[in-house]
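Below you'll find a set of structures to go through.
Two complexes follow with chain A in common, the first pairing it with chain B and the second with chain C.
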Partner chain A sequence: MTTKPHRLSKREEKARLKRDAGAYALLVPYALPFILFILMPVVMAMGLSFTYFDVINPPSFTGFLNYITLFTQDTVFLKNVLPNTFLYALVVGPGGYVLSFLIAWMLTQLPKGPRTVLALAVYTPSMLGSVFIGVVWRAIFSGDQRGIVNYLLMELGVIDQPLQFLLTPNHFMGIMILVSLWSAMGIGFLAMISGILNINQELYEAAYVDGMRNRFQEIIYITVPSMKPQMLFGAVMAIVNAFNMGWIGVTLSGANPTPEYSGQLITNHIDDFGFIRYEMGYAAALSVVLLMVVYLFNRLAHRFFGEREEVES
Partner chain B sequence: MKKTLALLLVLLASLQATSAFAVQATSFTYTVDDTMTLVRTQDAYLPDKTISSLGLNSPEDLFFDDSGLLYIADTGNKRVLVYDSLREQVVKELAHPDFRTPRGLYVTEEGQLYVADAGAKAVFRFDGDLALDHTFLKPDTAVFADTNYEPMKVAVDKAGSIYIIGEGVYSGVIQLAPTGEFLGYFTVNRSRPSIQQIIQRALFTREQRANLVDVAPGTFSNVFVDKQGIVYTTSMGLELDGLKKHATNGVNMFVSPAWGEEDMRDVTVNGEGVIFVSSQRGKVTIYSKAGELVFSFGSNVADLDVSGLYGSLPSIAVSPNGDIWTVDGMKGYLQSYKPTVYANTVYEAMTLYEQGRYKDSLELWNQALRLNQMSVLAHNGVGNALFHEGQYEQSMGHFEVAGNRHYYSEAFWEVRNDWLQKTLPLVAIALIALVLLALLIRRLDKKRHIRGLLRGMWARLAAAPFVGNVLFALTTARHPLDGYYDLRVKKRGSLPAATFLYAAFFVTFILYQTSKGFIYQFVRVQDIDVAGLSAGFFVLLGMFIFCNWLVSSINDGDGTLKQIYMIPAYALLPLLFAMLINLALSYGVTYSESFILSLVEGVGILWSLATLFLGLMTVHDYSFKETVKSLLMTVVFIIIAALVALIFIVMVERLYQFLGTIFQEVKRNVYA
Partner chain C sequence: MSKQLTKPKKAKKGGYQGSRINPTRFSLGQLKFYFILIPLAMFMIIPVVMIINRAFMPLGELFAFPPRVIVKNPTINNFRDLLSLSGSTGVPMSRYLLNSVVITLLTVLMNLVISVTGAYALSKKRFRGKEKLFAINQLALMFVPTAVAVPRYLVIMNSGMFNTFWAQIMPLLAMPVVLFLVKQFVDQIPDALIEAAVVDGANDLTIIRRIIIPLTRPALATAVVLTFQAVWGSVEASNNFITDDTLRTLAFYLNSISTNNAVAGAGMVAAASVILFLPNLIIFIVMQSQVMNTMSHSGIK
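On to the complex of A and B.
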């Protein structure tokens, strides 16, 4: 039971402010850039989302028009972007998250030397930028006979002609998800490794004395509950990442929009409207929707892994 | 079985009908229904002229030029006849001394006649006056040196490139330049390896692979170039892809492979792009521009002289006025067909639709529908036309009859979108109101504990033993380890509750199989064997429980039979919920969101399997390895039990027969 906060009187408030002034001053170096470069743009984008703005003419106020258009007229958004984004986020978010936890857990079972090397190897994909992904995966899924997958399939006689993996809508989303999982499993992975390594080994011993019988119970009863903060961090990172990885589709197909909008995520849609069509107001409305969705999912993650007090406040 | 019987009955009934009304048609016309099976439709073509006075000896090819002259390759008589189909007389006869077995013909728009002669190993070109113009002998390229050059069929495109089907050439369609140089193989038939062959290829060494028998690909039987210069080929021995429409690089342009007979002999295409194919055993099959089967008629009878029934059907040609002309390869007579009003309406509607004149095509499709209410083709046509006119709701009905789930889904998307647009403000207001209400309740709850009342009711309900034991499934689903531990140690869960859960699961399962929304109900309800499904479900479940009990009792499993009976019951809840959710969603979700359904189903299955696994592990007090072992052994036991049951059934049957014979004997000997 938390104690009921009592209302502070004016004098008390003043005294408190005076006492904390130093702390606020120390906050300024971070708070100022944050407000200037993150909070302000976000608020401005929210404002822009109620306008028509083509970068050249001053924005003109249109009310909720952008949002209404978005949910009633934009068939590409409703038919392709929205389903794609949810599919992608639901698979790559939890998928990448579970993968990174499992790999982290497996690595912690290894001695220090190989663990460090392998950790670096697993973390590499998420450090490497789009150029590397483009080079490696486009070589693998290349649409001619020299593409590695095509070559193998043709060698085995499964197909007669090379498949245009990166240009056919049917294959594209699957490949995108594969590549994303590969590059997403490193996110939050280092935090998880350190989380697992920091768990007091005596807990396991005590649990075995109490009748725990296998590794699975170890994970459920000891490992996960003991590293909730790291799990939460990993979850938030995974969610934010899953909604922001649209560039993978563009890198793989080499174009925005992706083939027949098959790999079009909401971030691609924003890019499309913002930086190709210069309809900034509409793009801003899309960003706001994205922000809301990501926020909702983050609340969900907090529900699962957050400490109780955090949720209550 | 039942279906074929019904079909036979229908056929019998219609046989009588044909004799009663004296219809001219001598064979039934078929089309495909929504499940891609052939169904009867009314006659598309009626036999017209039968001409047997030409003295043809095993003719092999027919070709119509634009003026309505029919060129006939009279192979056995080593000549080519030019026949005027309107005045019904032979105009010219070409018997060149070099002809050995002239088997293929092609006439260009300029009037040049190409004759492929396998015996003479050459393709001859004649000019408009049928004077020999050029002879294409075997190209002398090194690449081509070892290949057989016995041209069977020939076609020529607008640029003058010559496409030749050679006897015994497996490499593909030979393409020659107008000058006679070898350009390469235009297109090839690939053999489709079986899964076994794929695995062999992956695992074997190079030497081992060399010893494998090569799978022979389908052989090309004919080639045709239409007015637009598109190349068509037919192949023998392929169930799918027997007919191909080639892009300029040789790739098949049909999105879904054309389905048809395995013995296609000839192909011809009319000015509108409708494709006519003849097959060795006397079938004429007609395809739309996109390779969909439109009509199929004709039949194979060797010893009966009925027009429209063939000994063999080597060639087909379509005259400029739309009549089909065929030739019987064995008896050597010509047979022509006139299209019926129905066929003409369908063709016209298809053409109009392709030209984008949806409104006009709609009228014609409706006419076709009046002639045949169940025509999948016409329903698709009406649906498409309505769809393009923006009348989505009406088009849905037609797509449903046609079984066209993809387009139905598209139309449904539009209808749903429309509905959403209309109700969106209401929904938004309702949502906001709900959120406000929830906040209000929460605030009031803090002061007055309203929700306490509900909670009390819930608790009282859950306290009833049966209800509590059913609701216990929620615990096992969320905390399998704890839940099953309680089941084992605290004796939670009960047999009636487990039985209720099985019953609920079974009902949901059957509903899920039979009552999804049209888009996701891939199998029609009437084609589902509900009795078989139920029997399979209960037998499998019973076998699993029983065998697992057997296995665990010899493997130090702690679970009793009663507990083993309860494990799957409590583990199936996630799957049950998944099926319920999908059942509801299948009525409101289109194909573009189909991943939601697969996701829900996947999560449900995985969750249930994991719960089952953890349940077995906990109740038997096994380690991970032991659980896997016990599961594997259970499966092996089920297979053994099934075998034993099979043997037992066979024995009982024998015993029954034996007793029956004894009874018969007794009866005969005592009473006779």
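On to the complex of A and C.
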């Protein structure tokens, strides 16, 4: 923005250096933890993914071996983790995103008082934290007849023996998705509420004059296009949330791996190799794959809602 | 994008059939939304109500059949048991609580300071590489901490932070989304205001203290809410970066009770969950309108 056509004199250069130094000094306190715990770990994961590393001995270079093993021999990864992760991420990410938009939209059709109360109820689960979520849903899906769901199903005569919801693979992924969606209405959801509220009312009026007929058209032609930036923010938050909730299966079942790997997500696989088997190189390769998947989802979100084509880098 | 913007508006008020966003009063048309939203809100909130009730249940009610959701004879015994309990290594509960309070306060405070100074620099200062640095932070919005648990562990090990308070503070300090939200707010402050302050001889720190902080209050309140939520309930650092029990946090301790004493401690576990959850709820309710204000500037272009 500030490119000057002529070459800078020594004095100008010096003044510029001083100006830059002042700005950098303000940035350093943020940049330091950012570099240490965000940038460096990502770079390290990339580097370590090409090595064998057990924490005790220095890493030894193995080329693409980890990736080759991952995509040809790791049957748990190929048969369980990969399909699980995609199913889970698609339902909780984009699915949770669409849900949070629809809920936000319905809320904005109500007056402020009831809207605030209902929005608070919907937002509350997202601030519960892993401990609370584990406790409450383990009680609800408890495997004996005192579990709420078992009790209700038995009362209704659907089943006559309590089901081990959290110990058998059949229902496990479904429960994980339910719990994750339940706690997915976070700040992305709040952003969408305020995005919809801030749309200029006259846009709707004008559109009806132009022949728009129903609320569905309203959402497609006015609401969503008018709040693209908030939609994008919400999308990024939804994607990050979906991949950050990886602990959910382990919390619900109380063990890593989850029952017969039925709820094993890529983040659990990373923990399994990194902190249980101490195969850090292999875990790093998994991390890189995960980061690439997250990046891919984000590119997609930017493609949909970005104002310009290239938004970053 | 929206051609409608340029159209001359000649809408007759009577003919307008559009939806009334943010209506001022109840109308019959809203009924269908209540029909969907009220059951939904119940579904969202019932598990929370359930745990709060369990926290006050005596043992008999906790294991009653049929299962009880609402407490009949409330007692505070669960909380009392919890407070008198001490960890496997004899560390008292109060120590974990103190650790959590110190770690949370320090993290929230430091996060505020570094986010405000960083946001001010990225928004109002002119320097080389500014756009690039902001783009990097935008990219980091999608950062997934759990993906790099292993390298983070190595950073902690090699920087001498292992088994210190810093291991529980530093990893949570830089929050790209907080920096982004605060910067969005600083962007709204007119440059002229800052130039005037410079003419009056104010340096950067004075400008931040006197102008930036007062004018970005909503974003800072949101920063507090988000950082608090991230730190207060976090168990990762205590799990992975700490082996000394006297340094671990309340969330870690309560989590370990909930996985180890699932049956005997059911009441205590519920009480523990409530203790962890209430501060989040209170802080959010107090700052709620500020958060919503911030969210209206949250768009990514």
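Basically, the second predicted complex is superposed on the first by the 272 of 313 C-alpha atoms of A that agree within 3 Å, B and C clash if a C-alpha of one lies under 4 Å from a C-alpha of the other, contacts with A are read in each partner's own complex, and residues count from 1 in each chain.
FYI, a contact is a pair of C-beta atoms (placed from the backbone, for glycine too) under 8 Å apart; a residue touches a chain by one contact, two chains touch by 3 or more.
Please read all numbers here as calculations on a predicted model, not as lab measurements.
Asker: Put the two structures on top of each other at chain A: do chain B and chain C fit, or clash?
Answerer: Superposition check on chain A shows chain B and chain C fit without a clash.
Asker: At the Cα centre of chain A, what angle separates the centres of chain B and chain C, to the nearest 10 degrees?
Answerer: After fitting both complexes on chain A, the angle is 130 degrees.
Asker: Which partner chains sit in contact with A:Gln230 here, chain B, chain C, both or neither? Use first/second/both/neither.
Answerer: Once the two structures are laid over each other on A, A:Gln230 reaches chain C alone.
Asker: With the two structures laid over each other on chain A, which partner does A:Thr267 touch: chain B (first), chain C (second), both, or neither?
Answerer: After superposition on chain A, A:Thr267 lies in contact with chain C alone.
Asker: Looking at the overlay, does A:Leu90 come into contact with chain B only (first), chain C only (second), both, or neither?
Answerer: Only chain B; A:Leu90 stays clear of chain C.
Asker: For A:Lys79, is the partner it touches chain B (first), chain C (second), both, or none of the two (neither)?
Answerer: A:Lys79 sits against chain B, while chain C stays out of touch.
Asker: Report for A:Arg215: first if it touches chain B alone, second if chain C alone, otherwise both or neither.
Answerer: The answer is both, since A:Arg215 touches chain B and chain C.
Asker: Chain B or chain C: which reaches more residues on chain A?
Answerer: Counting contacted residues of chain A, the larger count belongs to C.
Asker: Tell me the contact category for A:Trp182 with respect to chain B and chain C: first, second, both or neither.
Answerer: In the superposed model, A:Trp182 contacts chain C only, not chain B.
Asker: On the A-aligned overlay, A:Phe141 touches which partner chain: chain B = first, chain C = second, or both, or neither?
Answerer: It touches nothing on chain B or chain C.
Asker: If you've got the overlay open, could you tell me the nearest Cα approach between chain B and chain C in whole angstrom?
Answerer: So the smallest C-alpha gap separating chain B from chain C comes to 11 Å.
Asker: Show me the chain A residues, by the header's touch rule, that chain B contacts in one structure and chain C contacts in the other.
Answerer: Touching chain B in the first complex and chain C in the second, residues 155, 215, 221 of chain A appear in both lists.
Asker: State the interface residues of chain A toward chain B in the complex, per the touch definition above.
Answerer: My answer: residues 71-72, 75, 78-80, 83, 86-87, 90-91, 155-158, 160-161, 213-217, 220-221.
Asker: Can you name the residues of chain C that touch chain A in the complex?
Answerer: Those in contact with chain A are residues 1-2, 4-5, 7, 9-11, 15-26, 30, 33-34, 36-38, 40-45, 47-48, 50-51, 54, 63-67, 69, 113-115, 117-118, 120-122, 125-128, 130-131, 133, 135-155, 159, 170-171, 173-174, 176-177, 179, 204, 226, 229, 232-233, 235, 240, 251, 254-255, 258-259, 262, 266, 269-270, 272-273, 276-277, 280-281, 284-285, 288, 291-293, 295-296, 298-301.
Asker: Mind listing the chain A positions that touch chain C in their complex?
Answerer: Residues 1-2, 16, 19-20, 22-24, 26-27, 29-31, 33-34, 36-42, 44-45, 48, 103, 106-112, 114, 116-118, 120-125, 127-132, 134-140, 145-148, 151, 155, 182, 185, 187, 190-191, 193-199, 201-210, 212, 215, 218, 221-222, 225-230, 232-233, 236-237, 239-240, 243-244, 246-247, 254, 267, 270-271, 274-275, 280, 283-284, 287, 290-291, 294-295, 298, 306-308, 311-313.
Asker: State the interface residues of chain B toward chain A in the complex, per the touch definition above.
Answerer: Residue list for chain B touching chain A: 190-191, 193, 197-198, 201-202, 251, 413, 417, 420-421, 424, 481, 592-593, 595-596, 599, 614, 617, 621, 623-624.
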